[in-house]
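When the chains are written out, they are named A, B, C, D, E and F in that same order, and each has its own residue count from 1.
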Amino acid sequence: MRRVLAVVSHPDDETFGCGGALALNAKQGGLSQVVCLTSDPPERSDELRAACETLGISEPVIMGLEKISAEDGVIRQVSDHIALFKPDVVITHIPSDYHRDHRATYEIVKEAVEWAAHMTTYEEPWLVGRLLLMEVNTLISSPHVLLDVSDVWALKEAAVENYPTQLSKFKDGYYQRFTRAKAELRGVQGGCSYAEAFIEEPLQRNGPFYETKASKSL
Amino acid sequence: MRRVLAVVSHPDDETFGCGGALALNAKQGGLSQVVCLTSDPPERSDELRAACETLGISEPVIMGLEKISAEDGVIRQVSDHIALFKPDVVITHIPSDYHRDHRATYEIVKEAVEWAAHMTTYEEPWLVGRLLLMEVNTLISSPHVLLDVSDVWALKEAAVENYPTQLSKFKDGYYQRFTRAKAELRGVQGGCSYAEAFIEEPLQRNGPFYETKASKSL
Amino acid sequence: MRRVLAVVSHPDDETFGCGGALALNAKQGGLSQVVCLTSDPPERSDELRAACETLGISEPVIMGLEKISAEDGVIRQVSDHIALFKPDVVITHIPSDYHRDHRATYEIVKEAVEWAAHMTTYEEPWLVGRLLLMEVNTLISSPHVLLDVSDVWALKEAAVENYPTQLSKFKDGYYQRFTRAKAELRGVQGGCSYAEAFIEEPLQRNGPFYETKASKSL
Amino acid sequence: MRRVLAVVSHPDDETFGCGGALALNAKQGGLSQVVCLTSDPPERSDELRAACETLGISEPVIMGLEKISAEDGVIRQVSDHIALFKPDVVITHIPSDYHRDHRATYEIVKEAVEWAAHMTTYEEPWLVGRLLLMEVNTLISSPHVLLDVSDVWALKEAAVENYPTQLSKFKDGYYQRFTRAKAELRGVQGGCSYAEAFIEEPLQRNGPFYETKASKSL
Amino acid sequence: MRRVLAVVSHPDDETFGCGGALALNAKQGGLSQVVCLTSDPPERSDELRAACETLGISEPVIMGLEKISAEDGVIRQVSDHIALFKPDVVITHIPSDYHRDHRATYEIVKEAVEWAAHMTTYEEPWLVGRLLLMEVNTLISSPHVLLDVSDVWALKEAAVENYPTQLSKFKDGYYQRFTRAKAELRGVQGGCSYAEAFIEEPLQRNGPFYETKASKSL
Amino acid sequence: MRRVLAVVSHPDDETFGCGGALALNAKQGGLSQVVCLTSDPPERSDELRAACETLGISEPVIMGLEKISAEDGVIRQVSDHIALFKPDVVITHIPSDYHRDHRATYEIVKEAVEWAAHMTTYEEPWLVGRLLLMEVNTLISSPHVLLDVSDVWALKEAAVENYPTQLSKFKDGYYQRFTRAKAELRGVQGGCSYAEAFIEEPLQRNGPFYETKASKSL
């Protein structure tokens, strides 16, 4: 049962960036969850809960930070959750995102993934298997992973509709059309109807803090 | 009458990357031309000529290089053509393109734009106004320019069809679908039906070689 | 009537970095203004006001921050002012400046220019036309713009003299001589008597937040 | 049966950089082979063949180039071999290596891995699973992979002895001592006796050229 | 009498990263001191004092910060100490360290070295001669300096033993073995028994703030 | 007796970039020499010889390459000369120079300095002490070294006059005025009349090839 955890800046980032991946994993019998750092205004929390329900995934964790900045306390909250949830895959924003909240979230997650693996910090440390980075408004130039989300596309499109506070900011259904056009383009690249694109970020091994160390084979 | 020159690696790059910009400029009364560095196999030259005709632009210049590499002779051929054609806008590939021919073409064009402006090299040196970089298969993450090409979209789609040698390499109309999906995504971003995306690369002034030097106002 | 806004770290940065550009724009009938993030010690506020008067430009806005750091509140204050002043050109520090206040100011301005354009944030959002980066003590290696400020050179030299608290820190008229030598070097490069050098930083279009989106021609 | 292909600049790079990985894979029942771009002086070819025998891996392919440079013909030779050998894992040098031959080899391999996957180039294209980068004299700062090679350490040490032309250049057994000290340090980091360190370089998907495209699950 | 100052994040960084350099300088008649930014838990202060005694160097300065971040007050405390201690050589962490405390310490020290030289800030400003960057857990790929610390190796190994709170976190003597293996590897590279590796970071001269300016010879 | 070797792309680069440093070293009793990679047109060789005479330095070595590219043969010629001349200081172009010949020369020199130190290549290998990078038309943003060349300024200005083929390309004495303005600006920064600016590039120690290895003190 694959466990996938998305850590995002704002309610709706999870749906736009990796809603398909989360829903697909759940549909395939895995466990998918969202940790969201902020919720401003507060009604977005309800929207996020509704979107997660639509995607068929677990209840989200909403941290409710006032601002997003890579500080020890925040990193620790995220690493605590990683140590608890034990994800095989963590998904977050790209470090080159034009939105500084997204860049700061990347920094926080990068650190949290490291600390969650430290046996000096946790009794049951957790070594994340893969770290994937997703695209919201800033596109990924050269993706490493194109995930076929055609089977859950209807869920993703439905989840977008759970965000009336955001959708209403734009006329002509900007976000609905952008979400679809992006997924279609990635779908053409991936040889399927709808896809999501990701950067694969290999995890480094610098310190003495991990339980699992050297590999036994390639 | 705006003059736009696209310098590309292979026949079809001009259509996929900036066919809309070239056609639009021509339709608006400007002069648009393509310099293509290679043509392998040779029948692609005919395809390129047909595509330019379809786009409603000038006859292309086909250099017919065997390989693309930033050597003095090649740079000089391109700068000669810039000095002759006197483009307001030069368009070429992005330096982060996954295709090394495209990266080498960027290098060549970057140098050629510089040398074309040197009064020590040309009796009538030419200072290019703008250098724009286009996307073929590698996407631009954060475009500076989104150009609405809806008015000439039919021409671009028709020009794609002038490349049977390339289209037939892929089944299910890959390139036609990719071209359309990319333009639709950029169209959503740009608030129009179909758009092309570009990086704006400001030109540096390092040496004493330019006729036109300091600006007289911002 | 061109509107030019300089956003700088400390009183005197505007004069050393772009005093000529501001004065020239005013002399040409434009509106030039300075937003200064700090004023420490407080008497530098008076010096800044005097310098702006000498340059023939508008009364400066002095934010009076205790420290310069890219925080939401500060970014918002600057974007509010951009939305109000509606500048065609914004000038600020280079991100490679050796002074960390200057680097932080660049970050703040970069964000503020983005947010000022958001129709979700402002009733009358403002899309800045150009973002130029100036040199104070750290030189620009390869300028994109050399602006001939010979016509207002006397004003710039006079404005420097409005900063006795700073000038007196150094003997032998360091800042006066540095300012003149830099302008002369840029003047030689620009084919005029005195020039100022700038980096042109093209603005990205990533999100759905802008009123004006795709261009209609190159 | 895992297939591992190391593409290296000079005879001995394979032993110093990934001799343990190659031997371990062979011992575990996999197929390991070396493609070596040069052999100067020619007697190093015999040393390489002896080293491969010692490591218990396949006969090496020795290309015998006079100089290493990322040219189309060379890239094609390597991609031909990749398409033929069908490796799960390709190992080569790091792009930050101080030795320019090593940097050029990285470039060649990076291109060759891409081209080997193109269905427009090969009837049976081959998509490499992993690209790993190894350390010879320039260390990897932050490895992604530490491979426990303790079980084949004796083979690696014996293979080093197959290079008398190289070992004799240095007194006091430099290379033997360096090889052992490096493996011990990596062993401490990896919680084992002897380890080899690698960078994991994720492969990009930019073009339409691959048979296998989108993933069906994370 | 050479004066060497190490500015580090945590007690034990000084021993692991440059304990040999500090002890060697002291043994050669120089003055060596440590400024340590944090001490958490507090008993690490005693360990640090013991380690410095073992290394034969001065009593350390323990700043006791709660968190490490490049803020003006912290930078000023460090620059004050530099102006007071007048070091010929300053040693700190590398900016590419995987530990964010180490990266932040680098930033602080880089700024502090600059400010300590300002005659506008200090009555007796101090121009540091060399800035060296050391390796703790993240290795230096390509060192500029390999320092032979064989003569003081016993002191470094003994100083490691002054950190029971840290050593006890790991079984099998991780840190003792890592320290020795790293020094042996650097020793092989340096042609001696035990060595420490450093990056040499040349200091820039951007502003008017230094007493000593141009060199009189190369 | 300090030995200084400048390796430059074209005749006149040595005078514009480091003529003061070369003359000053000679005047202080050192040996200064120029290796120039090209001479096109051939009469520039005579100009270079005259300039060296004016500067009071040794007869230059003119390699007469047709084009500048980092190939093994060229690198070897330069490393041969370094091993022969045994310079304490090598000066060449900056890698960020806008002129690609200058960038290629940097690459060649960087390699040549490395190879000249190899005891496997030379019977008497030579370890260069310092590598300095100079500014011709592209300025150095943040110099590490400002060298007071006031004492030999008249020689540098006279040496510029040895290049009529180059000076005549520009009207109004561009190069003379640029050379003077640059030296005056650097002079103000350095607290003297005329200065030259340099980047200090520390040399790496990666391989086993050096006779002199670890340092014995900081």
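We adopt the following convention: a contact is a pair of C-beta atoms (placed from the backbone, for glycine too) under 8 Å apart; a residue touches a chain by one contact, two chains touch by 3 or more.
A quick note: this is a predicted structure, and the numbers were derived from the prediction, not measured.
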Show which chains lie in contact with subunit C and also with subunit F. B, E
Can you list every chain in contact with both subunit B and subunit E? A, C, D, F
Interface numbering overlap (same over half, different under half) for subunit B and subunit C: same
Taking the mean of the CA coordinates per chain, how far is subunit A from subunit D in Å? 34
Could you state the distance in Å from the CA-based centre of subunit A to that of subunit F? 52
Centroid of subunit B to centroid of subunit D, CA atoms only: how many Å? 39
Can you tell me which residues of subunit E touch two or more of the remaining chains? 98, 138, 142, 174, 178, 187, 189, 204, 206, 208
Of all possible chain pairs, which ones touch? A-B, A-C, A-D, A-E, B-C, B-D, B-F, C-E, C-F, D-E, D-F, E-F
Complex interface listing, subunit A residues touching subunit D: 2, 4, 21, 24-25, 28, 88-89, 130, 132, 142-148, 187, 189-192, 195, 199-206, 208, 213-218
Enumerate the contact residues on subunit C facing subunit A in the complex. 70-72, 111, 114, 120, 204, 206-208
Residues of subunit B touching subunit D in the complex: 67, 98-100, 137-138, 169-170, 174-175, 178
Within their complex, subunit E touches subunit D through residues 96, 98, 138-142, 174, 177-178, 181-182, 184-185, 187-189
